[in-house]
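The data blocks that follow each hold one structure.
Note that chain A is present in both complexes that follow, paired respectively with chain B and with chain C.
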Partner chain A sequence: MSDERKGTTMRTLLSVILLAALSASAYAQDEGHLNVRTVVQKEQVTVNETGEVKTELVAGDTFVPGEKVVYTITFRNISEEPAENVVITNPISGELMYVDGSAFGPGTDIQFSVDGGQTFANSNELTVTEGGVTRPAGAGDFTHIRWVMQQDLAAGAQGVARFSAILE
Partner chain B sequence: MKTVVTNAGLLARLGVTAATLLLSQQVLALGTDAGTTVANQATVAYNVNSEIQTPIESDPTGNSTPGAGNPTEFLVDRRVDFTIVEIGGAHTEVSPGDTQAVTELQLTNTGNAIMDFDLSLVDLTSADPDVHLQTDTDDVLINYAIRVANGDGAAGVPDFATDLVWVDEIAEDATVVIYVFADAGAILPNDAYDNFTLNATAADDAGAVATPGVLDALLTESPGADDPTLIESVFANVSGADGGGNATEGADDGYHVNSAELVITKTAAVFSDPFGSGKALPDAVIEYTVTIDNSAGAAIAESVVLTDTIQIANVALEDEAYGVTQDVAIDAAFCNADLGDADTDGCSYDAASGALSIAVPDIGIGATTTVTYQVRISPL
Partner chain C sequence: MGKTRASGSAAVRRRCWHIAAGCLALLVSAEAFAVGTPVGTVIQNTATVDFDLAGTPITLQSNTTIVTVAERIDVVVTPQSPQTLVAANDTNRALLFTVTNTGNGSETFSLAIESVLAGDDFDPVPSVTPIYFDTDGSGDLTVGDQPYTAGNNDPVLAADASVDVFIVNDIPGTVVNGNTGLSQLTATSLTGTGTPGTEYAGDGDGGVDAIIGTTGGEGSDTGEYLVSDVVISVIKAQAVSDPQGGTQPEPGATITYTITVEVTSAGTATASEIRDPLPTFTSLVANSITLNAAGISDAIDADAGEYDTTGAATVVVRLGDLTQADGVQTIIFEVTID
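Here is the complex of A and B:
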């Protein structure tokens, strides 16, 4: 084998390794079809000169116990194809108590879990058994919220899911 | 390499979140501790062309990479909230001369951080609102002092010498007893009220761990916009003596003085006269009756001394009016007012000045002592 051929083989091997590395890297950074963002905000109530009360959502980086925390999840289909069976699942942190009736999501069926996310159902179908007594589940029992989209999320379309909780 | 760092970061965050969750479950009833980071993350599952895709986790700035995003977090600020109440709903009873008369108040930390509290006492006046429906009578008790029970003595027994004068490191939802000590002056009118306000001001290093044994800096409400990187202070107290908006709350309490309350009555009657006429003639003997009544008092009257100045220009104390060495009658007993009798019985009379001084035994609550003595009108 000439030195030149040896050099070519080396170059080929190097190329293969580089390609492999590149594809591995490409796989790791491969974009999904959706862009998902969660922001946390608080309600700010202002009264203007005419006595009009306005409630708006402002950035919430810090909270004190008793304050209402508002989470908004936005999910946008950044692909060329419709996304089917879109389901958004959000655990409720132990420090938070879900505000009854606050979950919101246009075009979604909103379900809750009282067992750490193992099973989900509509809020009025859930029960909790404590000390052998079964009772309807309340807002304080919910561990997870799930929004189940009723239709496909079209290419370029964006959905929103929101809920509020009180910091305990 | 970047991916690895991200994963490590995520794991670290998850670790923190798990620890935080555990902690918050232990102290759930007390409110989430200041400084806790609360994380939230949504996961979106979906299909494309009926193929199940890797779920995507949310990120505060948006994530489209399948799998790990970053949780959306916030920091729990310090909610400064506490109550101070007096115990018993009534004034503490004191008598003149009492020392270190104790009244108790209670401070409860209902906020979400360990706190120090500075204490101060304001002595109220008659111009201030009533306390327990009683107006301050502007009679000052002396040497008010504050002590905080530190649990090193017998239960409920304040240790004046060693207890702190401020509240150190009181945990969330914990209650501490604050003692106020007062010394009552030796001379105080019966039924006097002395009211005070005990103020507590929240103190702590801003956002830092409090220092045991040291009264930390007094708190001020964190001004301006929220700083996401700092534990800031929000004052939840809107009621109480100060009207809210600062770190101070107060409670009112006071002392009620139980003292003797003496009513003195003096009457005169002709005891004898040269003609048996019953008139106050020259050389007639007049008997004075002095009643000292403690019916309205709430304490035994001690060290009572009755003084009278006999008008020697016209009359003189009748010596031995009731018998030998019995110049003055005090209820059923007698005393000798003669000069030079060493006055061991507390009675004395100075014929040159007419000064009569009679020591009266203690007069009990509700009791009356009657003192009688006689004078003779100068003969013609």
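Here is the complex of A and C:
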């Protein structure tokens, strides 16, 4: 158990126990007073009797090349202080191709990296140099996404960050 | 084309005969297929959160999600010889195909031939052993090629791997010149087939799920036999005359080429054309081309030929539809040695 965890209140500990009891797979971390959880899902398209097309996200742990993988990160401030300068960072695995425009995060500025997460910028500001030729970066160049919260995350508040990628 | 005899550098181009589609197919057959991430690959994802709490910077990691890459089953059959020229009563005539595993895992395929198809003039008759592997890679059916027996030597192909396969038919005796007969090769995944997205739980490599891809787990394509009993004889001769009145092939000497073309069998050679590239360091004597003693201008125009210098300098003479009744066609032209 970390030093930080020793400082948590009984209420925080209780909430962790409750979450663990709700779902064995819902692994949550609270050491820093933020509960961060990521899930992976796939799109399921169904057509009902009236021909209405409905796309919903369903649990998925196996994918085939060409399929869309949707990652959703939720984070909740379970401390009694506002969390400041909150930044969510997620790598894009080499087998995945980011779906242009799919990154989503209310109240965040979304930035990308093309250098393994060392530097970040808005997607239209990034360039890639190959063989001495510099060109604008494309979805296939992105190695990381980050969501920079524009305001503090108040105590008890929750945020969400999401992106999609195609399994190559 | 085994029945065409040619000598010298003259060549008979049978302008795709009746089937323009056969030419187009050649252009698009080299399509490449990406296979994708190998089956069984595990992709882990962990998000990181950085923030300040009461002035203290803190970094946290989320749980790690795990995605396992399932097997996608896809197969494509590509004809390598879209059209084969045959004669009535030919036996064991082969059509070559490539079977490619375009999925992302190892897969076993069964092979099948079908020769009763719509859209042709006759039904080829599958030979006693109708499917062979091009074991020696020669592109022709030879004694070293292994016969295929379903359930015995079904090809096992790794992701993106391919195998060349012949389907073999006999040609009925009733066919006539210009008839076409189609024959089809089908490769079917032994794990299963179905509409794209159909899932075979646990049937993929290493026990992962197998999912049918866009090809439905089955690939097929057809090749065509074209009956062409026409035998054409092409003979090229040359005579040199040097400026001294001798026959030495020296600079300044003139070479007179004589190409004789003759259909020596029944049938019609449609849209026959002779294209004869000039040897290097020679020049055509202007307006020296003749066909059956009638002059043909060098210009590219409406007459039966030209001196085409858009690419390699070539003498072109169009003979049109030729039959045995047309007799010997004689083309003569002169060049000088530079």
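Simple rule for what comes next: the second predicted complex is superposed on the first by the 138 of 168 C-alpha atoms of A that agree within 3 Å, B and C clash if a C-alpha of one lies under 4 Å from a C-alpha of the other, contacts with A are read in each partner's own complex, and residues count from 1 in each chain.
We take it that a residue touches a chain if its C-beta (ideal position, glycine included) is under 8 Å from a C-beta of that chain, and two chains touch if they have at least 3 such contacts.
This structure is a prediction, so every number in the text was calculated from the model and none was measured.
Trainee: Taking chain A as the common reference, can chain B and chain C both be placed on it without clashing, or not? Answer clash or fit.
Mentor: Superposition result for chain B and chain C: clash.
Trainee: With both complexes superposed on chain A, which partner does A:Val133 reach: first (chain B), second (chain C), both or neither?
Mentor: Touch partners of A:Val133: none, neither chain B nor chain C.
Trainee: First (chain B), second (chain C), both or neither: which does A:Ile78 touch?
Mentor: The first partner, chain B, only.
Trainee: Based on the superposed arrangement, let me know which partner A:Glu168 touches: chain B (first), chain C (second), both, or neither?
Mentor: In the superposition, A:Glu168 touches chain B and chain C alike.
Trainee: May I ask you to decide whether A:Ala59 touches chain B, chain C, both, or neither, giving the answer as first, second, both or neither?
Mentor: first
Trainee: Give one of first, second, both or neither to describe whether A:Val87 is in contact with chain B, with chain C, with both, or with none.
Mentor: both
Trainee: To test your reading of the overlay: chain B has the stretches 1-9, 37-45 or 343-351, and exactly one clashes with chain C. Name it.
Mentor: 37-45
Trainee: Counting contacts the way the document defines them, which residues of chain A are shared by the two interfaces, the one with chain B and the one with chain C?
Mentor: Overlap of chain B and chain C footprints on chain A: residues 28-29, 31-34, 36-40, 60-66, 69, 71, 73, 75, 79, 81, 83-91, 93, 95-96, 153, 161, 167-168.
Trainee: Could you list, by residue number, the parts of chain B that touch chain A in their complex?
Mentor: Within the complex, chain B contacts chain A at residues 3, 17, 20-21, 24-25, 28, 31-32, 36, 38-50, 53-54, 56-66, 69, 72-79, 112, 226-228, 230-232, 234, 236.
Trainee: In their shared complex, at which residues does chain A touch chain B?
Mentor: The touching residues are 28-40, 59-66, 69, 71, 73-75, 78-79, 81-91, 93-96, 153, 161, 167-168.
Trainee: Of all residues in chain C, which touch chain A in the complex?
Mentor: 34-37, 41, 43-54, 58-72, 104, 208-209, 211, 213-214
Trainee: Quick one: in the complex, what on chain A touches chain C?
Mentor: Those in contact with chain C are residues 4, 27-29, 31-34, 36-40, 60-66, 69, 71, 73, 75, 79, 81, 83-91, 93, 95-96, 153, 161, 167-168.
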